[in-house]
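Next come two complexes, and both contain chain A; in the first it sits with chain B, in the second with chain C.
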Partner chain A sequence: MTKVEAIIQNSKLEPVKNALHEIGVEGMTVLEVRGHGRQKGHTEFYRGREYTVDLIPKIKLELVLADNLVEKVVQAITSAARTGKIGDGKIFLSRVDDAIRIRNDERGEGAL
Partner chain B sequence: MGKTYVLWLIILLPFLTFTPRMLAQTASAADQNARLAKLEQQVASAQSSGDNAWMLTSSALVLMMTGPGLALFYGGLVRKKNVLGTMMQSFALMAIITVLWAIVGYSLCFGSGNNFLGGLHHLFMRGVGAQPDPDYAGTIPQQTFMIYQLMFAVITPALITGAFAERMKFSAMAVFMVLWSFLVYDPMAHMVWGKGGFLNAALGGRFPTLDFAGGTVVHVTSGVSALVCALYLGQRVGYPKQPMPPHSVVLSFIGACLLWVGWFGFNAGSALAAGTLATSAFVATHFAAAAAVVGWAGAEWLRNGKPSALGAISGSVAGLVAITPAAGFVGPMQALAIGLIAGVFCYWMVVKVKARFGYDDSLDAFGVHGAGGTLGALLTGVFASSAVNPMFKDAQGNTLASGVLEGNGHQLLNQCVGVAVAWGLAIVGTLVILKIVDVTIGLRVSAEHEVQGLDLSQHGEEGYYWEVSA
Partner chain C sequence: MISELRNAYAEQSARIRQAFEASGDGRAAVAQRTVLLEEIVRGLWRDNISQQLDGPANFALVALGGFGRGWLFPYSDIDLLFLHEDQATEEAFRDAIRRFSQELWDLRLKLSPATRTLAECDRFDANNLEFTVSLLDCRYLAGDAEVFARLHDKLIPRLIMRESQSLVQCLADLTRERHAKYGETVFHLEPNVKDAPGGLRDYNMACWLALISAMDKLGGWPDSKSLLPPSARRQLEPALDFLMSVRGFLHFRHGRDDNALTWADQDEAAARKIGVPETVTAAQWMKVYFGHARAIHRVSTQLLEEIPAAWSSLYRHFQHWRSRISNADFSVVDGLVFLQQPAAVHDPQVLLRMFDFMAHHGLKLSTTTEYRIEQVLPSLASTPPKGAELWQYLQVILLEPYAADALRAMQSLRLLTLLLPELKTIDSLVVRDFYHRYTVDEHSFRAIESLHQLKQSQSEWDHRYGEIFGELERPELLFLSLLLHDTGKGAAVDDHVRCSLEIASHCLDRLDLEPSDRETVLFLIENHLELSAVLRRDIFDAQTVSTFAEKMGTPERLKMLCLMTYADIKSVNPEALTPWKAENIWQVYITTANYLNRHADQRLHANTGNENMLRLQALAPGAGKKIRSFVEGLPARYLRACTSEEVLRHFAMAQRLDSDPVQLHLQRGRHWYELTVVTGDRHALFATMAGALAAWGMNIVKANAFSNQSGVVVDTFHFTDRFRTLELNLPEWERFQRSITSVLAGEADLERMLRERLRSEGSAAAKVRIQTRIEFDDRCSSHSTLLQVIAQDRPGLLHRISSRFAHHKCNIDIALIDTEGQMAIDVFYLTSNGAKLTADDQRKLRAALLQELNGD
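Now for the complex of A and B:
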């Protein structure tokens, strides 16, 4: 099993969600997060005081998948979330040892 | 014989026929007088009802400026952890000042006394009932006048809270405001508006200062006291390095809109009647606010490239402050001018001057109310028009010039006296009170509590409770 963590632009959540549904992904967790990579922040002015906002709002998706789905999912996310500009985000993959369905103690890929 | 009889009859005939008619006429004249008197009474009573309706409405509008208007305006400008603490300061003053006012405050402001302070004969609301006080407002019950003036006494100290936001103990705030109300507000209100006050323009003061709705009494006193507080208390922990942007400009936006609407009660209500002067002040108020939005947001647009929502609403408040002393003395075009100047001037005060000197007037109580109030009070002396409001008359009752532009250069001097008295009283009074509170119960929360926020440390609650819903 593999965990896919994708950090994407806020506006790309709908396209990515749709692309994932199309290839049969059944579950995901979505988080509103803040952070920055190489993309620079922006400045805001309140009564003349300048504030640099370098932690930018982003969307983080978390999915745990059977290994055979991973490449298809990565492709779906990159093609749906890409604009070609700095700030499109990143995808991280990592191994997952086990999964447990709380309802009935089912384990492994069957619990996904 | 018969001839004589007929002659008598002819002579008497007119009397016989007319006498009842003459008697009737006398009776009907008395009747008419009575009816006239009754009519006059009815007209007076109708006017009184009309004026009273407007003044009660205005009283409610001015209360709405403090809560929720100012509470929301200030509440949105602070950080999330201080939102309740900040709103609570305004709300608490609605209660505390009201109690003081009922017991002694009204008497100290509006009872006849000496040049500087009112007497004590209205203590505990004695003699404040349905009868009008013709020196102040001859067509409304004195009780209406009293409750209207109370709302000014409430909002004035509440304005100061913007300067020491996010770092003052609630207890210290409460004690400070009680003392401030006695030492600064009551004397200033008496001097400008009370019987015998030496700045009173309507009742023949020595230096007649034109202050229609409280430019000096409300905004200069609160704004200058705010600056003194900011300097005395020092900066917030982390200021100016740590970013402290407003946690919700949305709340401030709603608050500013409520302030704008409430200000019609503040300024147009200061006509103390529902007549043409109220209309004129209403129009001036609205025009100045609008022009100040253009001024502030325009200046910001030129300098930063973007007109901000916070800039626009701050501009409206600056314009409303500046027109306050002038509202009942100037026409619509002068109001536009005052508003535009105030918008640009207050923007400059808040953005440039504050940054230059580094004082932490957290929510710009001085930059908007102190600076805008001073500017407005002086411009009132320049723009005041006798056509709008004939304030000064000679012995024959002829109207004299009001402002500098009409040829009464002396008025600017009177305005300066009023402003100087307000500045002096605010500085000295506030310093003394701060010192007293500082050495007795202490002014600031501990650094730890400040970081934690006033909501939790002062009130044991949170403005935005984090709840996982089932």
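Now for the complex of A and C:
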């Protein structure tokens, strides 16, 4: 099993969710996050005060998948979230040892 | 033996369930289960403790809590007290009690046993309030009746009399804690019928408070039937029947002591006619639930308010202090409002003033007052107050700090829907939405409440939004929009915004709102999801911001919509407004506000079919070409900032310029005075106007300056009258306007007037030091240079800044003047010889301004 963590632009949440639903992925965790990579924040002045946004608001998606789905999911996320500009985000993949469904103790891919 | 008992218990329980499923009668079901459990425990008593039910001596079995009350729901705990005269029997029967308890557990009953001596029962432990409270429902089951009688007849009354203050205080604290856990409201989409406000626990609490109060007075047990006043009983009994049926239904359905009324439970309860005579929809069934829960909540909170006053001197002192706010119409006793003249309840104006009084002071209505209001509702329904008069009262209520509580009280009495029938469809309405926690009406009240609470909040975000809220010119329009924004949810349509708009439109017609106010309210309702939609786009993209800014049109509307969004999200559920969202809304707000200031000089062309232009022509069909010529070349912002009525007034003033070259219009608003001057453009006009106002001691808080293609200037100054010159002397209005006219005509010596004013005032030290900031921007306009000046606000500041412009031959195309506390934030669009300022012009002007502003 693989854990997919995707940091995307806020505006791309709906397109990415739709793209994942289209390939049959329903379950995901969505987090509101802040951060930056190479895309640094910016400063806005309002009424003489300086408001610096150095950590940019982003959306983080987390999914744990059977390995055979991973490439399809990565493909779906990248094509839905890409604008070609700095700030489109990143996808991280990592191995997952096991999964347990709390309701009935089911384990492994069956619990996903 | 145990298997026989288990079978018998299962058989009897199944019989009770069958009877409940046939009748839906919760009260009967809990009574039958109580009897069943009594038989079981008495049987076990005979088997394990004593062959004789009334033996042994000095040891008794007592039912407590729900079992004691005779309210055993299908999966409720069974509270039992093993009561001993002293420790001798406790030691002697220890093993027998263990066997007794074990057999009950083997039946899979949830036994909560307590073993106490009489002396132990006499101790009040604030950390184990539940035990003392459970004694209030104690009932003899078996054993030595004498021991029970000593507990019941002597010990408990003595304990209650001794500890009544602490007991009531602890009960009140626990109740408030429990209510806070459920957001202080009855109106949850999936309520807990036991613990949420308006649930069975509130009913119990009302009875306990009444019982403690009565025992404290009588020194013994009162007649349980006269515990609650008849008016309260009338409301509570049907509510209790309903809730008992619902809780019984939930226990049977869930197979455990789970009292959460989920959406699936609501569907099933409605289909099975639980507590109602005929089949209804789940939404209608929930309205019945909320009606009953509301009655219980109302009575229990009134008792909470009333009873502590009898004991706590601090509380009495506070209530006595509150009673000083009584006036000729209303008296305040123990935080509850009474009518001084009961007959006055027939007067709708007094009624509305009473809710304003509540909203102002944060008070509740007394039961008597509520009863009186309920009595007059039918006659009020035939001639309800309406039109501008109703709006006048309603807006005053909406602006008060406890407006939401007053609205809830009006809603609870059905007065709000009588005055605003448009709210009927959302009264106690459950709309199933994963994020929403409250009914639609409660959500709207919470949104209003959350704006009022911004001022007191310690949260950083509330503080920031609170500052914008403090700047609103017409907050009542925002409150009205929030009250009506979700009315469309009562209709079974996909687009609730469109439907809310239609409903609100009827409501605004009846309230007879001014056309411009009506436009604002409808704008806010129509766009109340717009900012949330922007949050789903790239908020750092210039195109997103410009599109949104164009839609908002004016900074005032932007502020209102931003606050509306903030309050709307915050009222969805306590976790909905994350700091992440608050920050994003703020980001959109400041970038859009900046955009509106920096794109203010796009010129109007009267023939381009601008929507506002078409409306103006429709309003003044005879004006034809003349009005087009007046509007031609004015900045687009002018039409956004001014209502149609104001534009037509300016146009009429411009038409009179031939006979009188300086046209003035002075009016008083809620926060400040507004002076509009329409005249031909001339050198240093803005500086002269600003100087004339400063010379009169007026503090300019906002100003707009616009000019059209033919050189007609429309300058509007909003100012506060620091010395109340105009407020206290009506004849001064005339003299003030004459003085302004003569200054503009060059007949009066402005510099001398200013010198005299400054000399008489002296100089006061500033409370907050604001550093002067001067910023030029050449990019945001095609033909002028934007200058933003941030400086310490002080008398005559605008005159000094704009005089520098005149001195450097800079022409003001647009001026947008604002003040925040002691900080002046002034934006000017300047040209020099009809073009943008050169780098050299900017350098010289910056130096001159810094010298002028920092030279004090």
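One rule holds for everything that comes next: the second predicted complex is superposed on the first by the 111 of 112 C-alpha atoms of A that agree within 3 Å, B and C clash if a C-alpha of one lies under 4 Å from a C-alpha of the other, contacts with A are read in each partner's own complex, and residues count from 1 in each chain.
In the analysis below, contacts are C-beta pairs under 8 Å (C-beta built on N, C-alpha and C of every residue); 3 or more make two chains touch, one makes a residue touch a chain.
Keep in mind that this is a model prediction, so the values were computed, not measured.
Student: Judging by the criteria at the top, classify the pair chain B and chain C on chain A as clash or fit.
Tutor: Aligned on chain A, chain B and chain C clash with each other.
Student: Is A:54 touching the first partner chain B, the second partner chain C, both, or neither of them?
Tutor: Touch status of A:54: no partner.
Student: When the two structures are overlaid on chain A, which partner does A:22 contact: first (chain B), second (chain C), both, or neither?
Tutor: neither
Student: State whether A:106 touches chain B only (first), chain C only (second), both chains, or neither.
Tutor: Neither partner.
Student: Which partner reaches more residues of chain A, chain B or chain C?
Tutor: C
Student: Report for A:45: first if it touches chain B alone, second if chain C alone, otherwise both or neither.
Tutor: Once the two structures are laid over each other on A, A:45 reaches both partners.
Student: Just to be sure I read the superposition right, which of the two partners does A:71 touch: chain B = first, chain C = second, or both, or neither?
Tutor: In the superposed model, A:71 contacts neither chain B nor chain C.
Student: If the two structures are placed on top of each other, which part of chain B overlaps chain C: 76-84, 94-102 or 130-138?
Tutor: 76-84
Student: Considering each complex separately, which residues of chain A are in contact with chain B in the first and with chain C in the second?
Tutor: In chain A, positions 44-48, 51 sit in both the chain B and chain C interfaces.
Student: Which of the residues in chain C end up touching chain A in this complex?
Tutor: So the residues of chain C touching chain A come out as 535-540, 578, 580-581, 583-584, 586-587, 590-591, 593-594, 770, 773, 775, 790, 818, 820, 823, 825.
Student: Okay, in this complex, where on chain A does chain B touch?
Tutor: Per the stated touch rule, the residues are 44-49, 51-52.
Student: Which part of chain A faces chain C closely enough to touch in the complex?
Tutor: Touch residues, chain A against chain C: 9-11, 13-14, 32-34, 42, 44-48, 51, 53, 56-57.
Student: Flag every residue of chain B that touches chain A in the complex, lowest number first.
Tutor: Going through chain B, the ones touching chain A are 240, 243, 245-246, 249, 300, 304, 306, 308, 310-311, 314, 347, 350-352, 355, 364.
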